[in-house]
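Note that the chains take the letters A, B, C, D and E in the order they are written out, and that residue 1 is the start of every chain.
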C-alpha cells in the first residue's frame, strides 16, 4: 500500500560501482543488500557491474557513483595524476593481498628465480611489470629472461601450454583451478616482498561525499561492514547469497571461495576494513621507486579509517 | 501568337549552346523542332519549362512575358520518367496532387484512361506496363496539367520502330482531339514530317533556327510520308550541312 | 533440387563444420576453457533459455531504440546535407572521422555523461548504426535522376514536395540497404555498451559467464546474438517489402 | 572561393568545435580525467611524439599486414564464389554471420590458437577487414556486363582470360571501395587485437595511459589512430589512381 | 555457301523465341537481318557466335557443321563494348592478345588506324573518343579477328542520326574493301536498304524468316535510298503485320 511506498521513498539512493563483474570479493555488499542492512540504514543501493576494470575510480570521481570498488594502486595513481581524482579509500575489503603467482606443479616453479626462461601472462599494467621486476630482482633473477604476454582470459586452461605463470587471486581463480583438478604451485605475493602486501580491492568514495555527506558514507559503511562481518561468520550462507547473484557459477566453488575469504577479510586486524599507513606508504614508495608515479604522496591523502572504526 | 521566343541564348561553362533563337507558335499549332543530337533542343525546352535560365532573350505567352516556372507549360521530358514508386493513376495525377487537387485530378484522369489505352492499369506500377503504354501514361500526365502549351521532348526516342510508329499514329489522332498548342522536339525526320504543322530546323554551333518548313496544308498519312523522299533528303542535308559547319 | 541449393549448401557446410568441430573437441579432448564442443553450447543454450531470453529482451530494447534514433537522425541529417552543400561540407568529413575512433574510448565518456541507465548503451548503438545509414542515404539523394527532379519543378512542386515525391522514394532502396547493415550491427553496439556498465543484457551476462570460465555459456550467448542480429536484418527486409510494394 | 568551400567549411566547423570544447573545459573547469581540453591533447601529443611514433609503427605493421592478407584472401574467395555457385552458397551466409560475432569473444580464442605474437592481432585485422572487401568484390563480379563477357567468349577467351581482361578490371572499382572501408577500419582492428594481449602498439599504450588516468594521452592516441586511418584510406585512393589510370 | 543455318530454334524459360529459322549467306555477301525489337535477333547472333546454345537445328560454315565457340565468326555486339580500362590499341588487338599474338596484332592494327579514322588515338582511352570513333574502333577490333564471317549486332543503334548516317557511308566503303561475309542485324529499315545485298525479315512469334528482299543488282547511294518509299513501306508493313500476328 501507500505506507510502504512512502517508506521506500524515504530511502536515500546511492550508487556503488564495482571494479568488475561480481565475484566473492563483493560478498559483503550483496549480503547487506540481501539481508536488508542498507535499508536499515535508510539507503537504497544500486550496484553497477562494469565489464571494464578501470572505470570505477573515474566514475566515482565524476560523481556518477557515490561509492566504488577499486584497488590501492588505482587510488595512488588517481591521487598522483596530473589532475588529481578526488577519491579516497574508506575501507579495504581484504586485509592482505590474496593474489600471487600460479604455475603447474610439474613445471617446478618455486621462486621468482625460476621465472627465467618462462612465459608469464598478465593484464599488462605497468605496475604489474614493476612488481615482477622487483620480485625477480630480489631473487637475483634476470627479468629480461622472462617473456611477458597478455592473458587471454581462459584462466588455468592456458597454464602449461603457451603460458607458464599467471598472476591470480587465490580466492577466485586459484580455488577454481584446484577444484578443476589442476595441480598448481601458488606463490603468494605478500610472501615475496612485504611491500607488495597492498590492499586489493578497496572501497572508495569521493571527497564531495566525505565533505558534504559523511553521514551517508557512515551509514553505507555500517551496512557494508555488517555484510562482511556476516560473511566472515557465515561462509556457507553468504555463498548461497552469492549463488543468487551468480546463478551460473558452481555452488561448490562459491562455497570454497567463501570459506577461504571468510578467514581473510579481517585477518590480523581488530576490525574489518581498517587500513594501516604502513601498507599505503610501502606500496606508494614501491610505485615511486619503479617510476610508476612521479611524486610521493602521504598515506593520509589516500585513505581514511574514519568510517570503519 | 500563343508562344513567342525572342533572341534566346544560353551557354554552359563558357560554351555557347544556343544563340539568336527566335520562334513563334500559334494557338493550337503543332510545331516540331528538329536538330542533331546535343545541339540544345532539350536545353531550349528546359528554358521554356522554367527549369533553366536563359542568358539572353526572353519569351512570351499570349504576348505576356514569362519568367521562371509558369503554369503555361506542360513539359514531357525525354524519357517517360514515370515515378516507379507510384501507381499509374498516382503518376498521371501528379500535377493535381502537387497542387492539392488530388480528388479532382483523379476524376478527370479516370475519364481519360480508356482514351489513352490505359484502361485497367490504373493501379498497376509503371514497370508492369509496356514501353508504349508507359509513354502514353506520361503523355496523359502531361495532358492533365492545367497548362495550354505542351512541350514534348523526343517522346518516342526510347521506343523501337514499330511501337514508335504506333505511338505517332496515336498522337496524330490525339492532337486533333486535344487541340493543344504543342512544341515537339525530335531528331527523327520522319516523325517531324508525319506529326507537325510546321518544322523548325535547329542547327549550327551555337545553334539557331536555320530553316522552317510549312506543312499546314498537308493531310498526313503514312502513305504520304513514304512519298516524301525529297523532303527527307532536304532536311537530312540541312541537318548534316549545319552539323559540320 | 537446384532451386533449393541456395538453402541446402549452407546447411551442409554448417553441419560439416559443426561435425568437425565436435569431433576435434572430442578426439583431442579440448578443454571447455579453450573451445567448447557444439553439443555443449547447445546444451548450455537450452539449459539457460530463460536467462538468455530475459537478457535478450534488455539488449533488444537498447538495440532497437538506438537503431530507430540512428535512423531518424540519419534521415534528417542526410536530407539536411542534401539541402545545403555548406552543411554537408561542414559535417561530412567529421562523420567519416568519428568512425575511426575506438569505441572503447567513447564508452566511459558516454557513461560519465549519461549515467548507468539505458542511455549510454543506446548512444553506443546510435554511434555505431548512424554512419552506414547516413552515408547510404546521402549518396543516394545526391544521385537522384535530375530529370525527375526537373519534371517536378516544371510542375511547380515545392522543395518539400520534390523530396516527398521523388528524392526520398528514389533514395529509399539505398536507405534500406544502409539500414540492413545497421540492423546487423546494432545488437553488437548494445553489447559493447553493456560491457561498460550494466545490470542486465546479453553483454552483461556474457562478461559474467566469461569471468566464471563458462565458455560454453559465452558461446551460447554468441549464438543468441547472431540469432537476433539476423532477425533484425530480416525484419528490415520485410519492412522494406511492406513500405515499397512496387518493388515486388 | 566557392571551389575551396569543400576544404574551408570542414575546417571552420572543426575549429569551431575545438574552440567550444576548449572553452567549455575551461569555463566549467572540467577535470582532465573526464574530458581533456584540445590544447591539453595537442600538448600530450607533442610531448609524447616519440612514444606515439614507436607504438604507431607496431600497430601499423599489424594493420597493414592484416589488410594485405584480408585483401588477397577476399579477392581469391570472391573469385572462387564467382566461379562456383555451390561454393558461394556454401560459405556466403556464414561470412555474413561471422560479422555479427562480437570480437571480444574471438579475441581470446585467437590468442589461444595463435599465441601472443603478432599473429592474433593480424588475424583480428583480417577478421574485420575481410568482409567489406569480399562482399563488394563478389557483388561487383556478379554484375559485370554479360555482353562484355560474351564478347570475350566469342573471341575464344579462356576462363582465366575472361577474369583477367574483363571481370577483374570491371569489378576493380567496387574492390577499391571495399578496400577503402577496410583501410579505414584496419587500425581499429589492430587496436582491438592489442587490447587483448600486446607488449607494444597504440592499443597497448592506450590501455596503459588510461589506467593511469591520463585521458589527454588517451585522446592523443585517438588522434594518432584517426591520422593513420585517414592516411591508409588516402594511400588506397592513390593506389587506385596508379593502378587504374584510365579513370582520371 | 559460306554460312548455312538450318531449322534453328531456341526458347527462354519455356517461351519460344526463335523457331524454324533457316538462312544462307554466300561467300562475301552482306546480308541484313531486320526485325522488331525483342524478336530474337541478338539471340540468333549469339548462337552463331557460340555464346548461346540452340535448342534445335544447327549451322554450317563452308558446309562444315559448327558447334560451340569457333574461330569462324567475328562478333560485334550491340553496344560498342570497348573495355574502358584498355587503350584503343589494346582494345582493337584484343583478339590477338587473347591468343598470344600481341606483337603481330599490334603491327596489323597500327596499319589500319588511319583507314578507320583513328590515327593518333592509339593510346587514348575509349571515353576520350566520340561515339562514332568508338564504333569504328569496335569495328576494327572485329575486323582484326582472324575470322571470315562478321556478325554485326546493330552496330550503329546507339548513335544519333547524323553520326549513324556517316558510319553507314563509311561501312559501305569498307565492305567493298574488306570483302568479308557479313551478317548485320538492325531494326532500321533505311540502314538495311542502304547497306545490304540481301535483306531477311525476321518476324512472328516465335520468330522466323518471313521475307527475303534481294538488292544484289542495286548500286547504293543516299539518293537512291530517298527514292525507296515503296520498299520502305513494304518492309514496314511486313514488320508491323508480323509483330501483331
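In this text, a contact is a pair of C-beta atoms (placed from the backbone, for glycine too) under 8 Å apart; a residue touches a chain by one contact, two chains touch by 3 or more.
Nothing here was measured: the structure is a model prediction, and the numbers come from that model.
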Target chain D, source chain A, minimum contact steps: 1
Pair joined by the larger number of C-beta contacts - D-E, A-C: A-C
Chain of greatest Cα-centre distance to chain B: A
Chain A-chain C separation of Cα centroids, rounded to whole Å: 36
Chain B and chain C: spacing of chain centres that average the CA atoms, whole Å: 48
Cα-centroid distance, chain C relative to chain D, in whole angstrom: 19
Length of the line joining the C-alpha centres of chain C and chain E, rounded to whole Å: 51
Residues of chain A touching at least two other chains: 58, 62, 153-154, 157-158
Multi-chain contact residues (two or more partners), chain E: none
Overlap residues in chain D, where contacts from two or more other chains coincide: 34, 109, 112
Full enumeration of touching chain pairs: A-C, A-D, B-C, B-E, C-D, D-E
List of chain E residues in touch with chain D within their complex: 46, 49-51, 69, 71, 73, 75, 77-79, 81, 83-87, 94-95, 97-99, 125, 127, 145
Residues of chain C touching chain B in the complex: 145, 147-148, 150-158, 161, 165-166, 169-170, 172, 244, 246
Chain E - residues contacting chain B, complex: 36-38, 160-163, 165, 187-189, 222-223, 226-230, 232-233, 236, 239-240, 243
Partner chain D, residues of chain A touching it in the complex: 54, 57-58, 61-62, 74, 77-78, 81-83, 85, 119, 121, 124-126, 148-154, 157-158, 162
Interface residues, chain A side, partner chain C - complex: 15, 17, 20-23, 46-52, 55, 58-59, 62, 64-65, 153-158, 176, 246-250
